[in-house]
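Have a look at these structures, which come just after this line.
One chain, subunit A, appears in both complexes that follow, with subunit B as partner in the first and subunit C in the second.
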Partner chain A sequence: MIRILAACGAGVNSSHQIQVAIENEMKKRGYDVKVDAVVMKDITPEMLSKYDIFTPISKPKLGFEIKIPVVEAGPILYRIPAMAEPVYDQIENIIKKSNK
Partner chain B sequence: MQTLIQIANTIFNPIIKLGGPPVMLILLTILATVMGVKFSKALEGGLKLAIALTGMGAMIDILIGTFNPALQAFVKFTGINLPIIDVGWPPLATITWGSPYTLYFLLIIIIINVLMLILNKTTTLDVDIFNVWHLAFIGLLVMYYSHNNLLLATVLVIIVGILKIINSDLMKPTFNDLLDMPETNPTTTTHLNFMLNPIIMVFDKLIDVIFPFIDKFDFDAATLNNKIGFWGSKFAIGAYLGVFVGLFGHQSIKAIFTLAFTGAVILELFSVIGTWFISAVEPLSQGITNLVSRRFISKRLYIGIDWPFLAARPEMWAAANILAPIMLGMALILPGNRILPLGGIIAIGLTPALLVVTRGKIIRMTIIGTVVLPLFLWVGTLTAPFVTHMAKVVGAFPTNVSSSSLIGGTTIEGPIEKLIAIVWGEFGGNMNITSGLEALVAIVIYILVFIWYAYQMKKRNEEYKKNNETV
Partner chain C sequence: MISEISDLFRKDLIFIIDEKNAEDIFKNIGKVLFNKGLVNEGFIDAIIKREKEFPTGLNLNVLDNDEIIPNVAIPHTESEYCNSKNIVVVKLKNEVLFKNMIKPEEELKVKFIFIILNDMKGKQTNILSNLIEFLMKKDNIINLNKLEDTNEIYNYILNKT
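The block that comes next holds the complex of A and B.
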């Protein structure tokens, strides 16, 4: 199983939409993923180390090095399928490479 | 316009009298179906909204039941009278979405956005359907004070709605700058919290003149945030505010623990229930976006989403962390304040706008934030009777507590617009020359300051353009 961490400003709206969208799309594509949604400011290196992919809403500046692959997931929020597609493709590529 | 309002009134008034979650279940399901959403998805959304409303009601019940006795003791022992409990934004959003009028204001705003796009008055397509509750809150506030003058409410919602969409165009180059977005990235936001930008910019320009040197003291925001760690998280804040009220209210050790844990669990669960309610509106949002975006797909568009893409900037959180204790201290001594910060103490209704105007200058964000905080506390105090009334109307408020119990929000987005809504509502409730003049002057000043701000932002955007060309 691939563990993905989504993050936004309140951990309620945007990251939740990202969470649901990624889970649905990856299930459709045949991957077993688990996505959690948190508030950007609550992220620690320790928390990130438990995930395989980080999907923040926009380019993050956390003040420490991010050691897992990062995919900016903001375009999912436009609700226009063609714009969300590249985000899913990027995630799929990372999953394929990781051989999990 | 008049007939539209009459139709809205005849349809909505009897439905509203039924009150509460079942009505929204029916209305949201119907509306989503009309927008082309599959019936089962539409029904799922409607059900989730009804459940979220019921859940928020249960949480508010627990919060008031636990905190009210301690707060009364707090008042008795300290002499500080802060009887209004700050529930933060998720309950306010849910309660507002519990009113059928929110769907009416939503339709108005969609029509406005589509018209502005057709007339080339904007580049922004707003797909942030759920945040229409901020405008609906303003409209409902006008109606509350004016004994249901829907025309006045509609006019104010339209004015603020138009300015909000213009503002999202104005801010776009700043977003590209703050978040390293390429020109092709369409992300922008129409969120109401950025309507405070004009006021913040006034203070920002003052700092330019009086203390331009303070920017030298800017520090690394991410480092500060990492040091604060879990102390700034929701459950921690809930817990220590519980302890604070308990200690000064001379409660027993056992009661203090209960207050701390209840405060923590409530703040966490408000967010959890908030996610139910977001997914409740999701089918409707997708349906509307499908309908509207198809029309404009050939155009080069900005897409307006919720503000949290700015959460990637650590300055926003550093300012919120610094402002939290300042707000608590201020709440205790500010004349006219009656609200005790709790759910809204992390000021995400304020710091994104500070970030955009100052472009991440943390010292300025803190100073200007402190200067405008009283506005939020006063508006939180003034709107509490309305919020409590709304919560009762939609069935999200315990019926067995004393009538003096009030809920509200400390950092409600758009405090200026709320004040104008009250002035307009009072004019609607008592039409005479004085109240009419007040309503007129308020909106004229509001629009003039916005025009000045728009001019400043256009200057800023010209500079961005020049810099991009030279690079």
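The block that comes next holds the complex of A and C.
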């Protein structure tokens, strides 16, 4: 199973929407994923180390080095395929390379 | 689907104002919301801070359109500062700069603000997605931009949500 962490400013609005969208789309594409949503400021290196992919709303400024692949997921929020597809494709490519 | 949010709009929560920057908009509208008991005293500072750290401008011109659509912002803050569940609509007489939600380094000229108030933690998700669905229907903002009266704006939104 691939573990994905979504994040935004409050941890309930945008990140939750990103969470649901990625979970649904990856299941549709045949992958076993589990997505969690958190507040950006709560993220620690320890927390991130438990995930395979990080999908923040925009370019993250966490103050430490991120050691897992990052996919900026904000375009998903527009709810139009033309914006969301490239994000899903990036995530799928990372999952394929991970051989999990 | 969108009708989930139509109850959240109120005739007295539609504003047409003229301000120079985001902070002044939040101070002006925040005061009115506080006087109506819809937010608490921490709201104005909280929403100003949130907008700086995690901006909410939406570029509505991401697809090829025949005409330019005015951009919007969807500011919101943590549930602890709100006493109600509403969407506040602010039309700006003159555009104000907001940073792009998904590309914070980019500035957008914004004409409409939809402030999301929600006192229930974790329940904002549907409001946000339904609101964005309304905003992304190309004609909605173009039509709203032609209206200069708060009652007309309210009636239009109610018809379309």
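Keep this in mind: the second predicted complex is superposed on the first by the 100 of 100 C-alpha atoms of A that agree within 3 Å, B and C clash if a C-alpha of one lies under 4 Å from a C-alpha of the other, contacts with A are read in each partner's own complex, and residues count from 1 in each chain.
Criterion: contacts are C-beta pairs under 8 Å (C-beta built on N, C-alpha and C of every residue); 3 or more make two chains touch, one makes a residue touch a chain.
Model, not experiment: these values are computed from the prediction.
> Clash or fit: subunit B and subunit C on subunit A?
Clash: subunit B and subunit C overlap once superposed on subunit A.
> According to the stated criteria, A:G74 is in contact with first (subunit B), second (subunit C), both, or neither; which is it?
In the superposed model, A:G74 contacts both subunit B and subunit C.
> More subunit A residues touched by subunit B or by subunit C?
The partner that reaches more residues of subunit A in the superposed model: B.
> Check whether A:F64 is in contact with subunit B, with subunit C, with both or with neither, and answer first, second, both or neither.
first
> Using the superposition on chain A described above, determine whether A:M40 touches subunit B (first), subunit C (second), both, or neither.
A:M40: touches subunit B and subunit C.
> Using the superposition on chain A described above, determine whether A:S14 touches subunit B (first), subunit C (second), both, or neither.
Both partners, subunit B and subunit C.
> Name the residues of subunit A shared by its contacts with subunit B and its contacts with subunit C.
8-10, 12-14, 16-17, 20, 40, 57-59, 74, 77-80, 83
> Would you mind writing out the residues of subunit C in touch with subunit A in their complex?
Where subunit C meets subunit A, its residues are 50, 53-54, 58, 62-63, 76-79, 101-105, 116, 121-122, 124-125, 128-129, 132-133, 136.
> Taking the complex as given, what residues does subunit B use to touch subunit A?
Subunit B reaches subunit A through residues 89-90, 127, 130, 179-181, 185-187, 220-223, 225-226, 229-230, 232-233, 271, 274-275, 278-279, 282, 285-286, 289-290, 293, 297, 303, 305-314, 316-317, 320, 348, 352.
> Touching subunit B in the complex: which residues of subunit A?
7-17, 20, 37, 39-42, 44, 56-64, 74, 77-80, 83
> Which of the residues in subunit A come into contact with subunit C in the complex?
Those residues of subunit A that touch subunit C are 8-10, 12-14, 16-17, 20, 40, 57-59, 72, 74-75, 77-80, 82-83.
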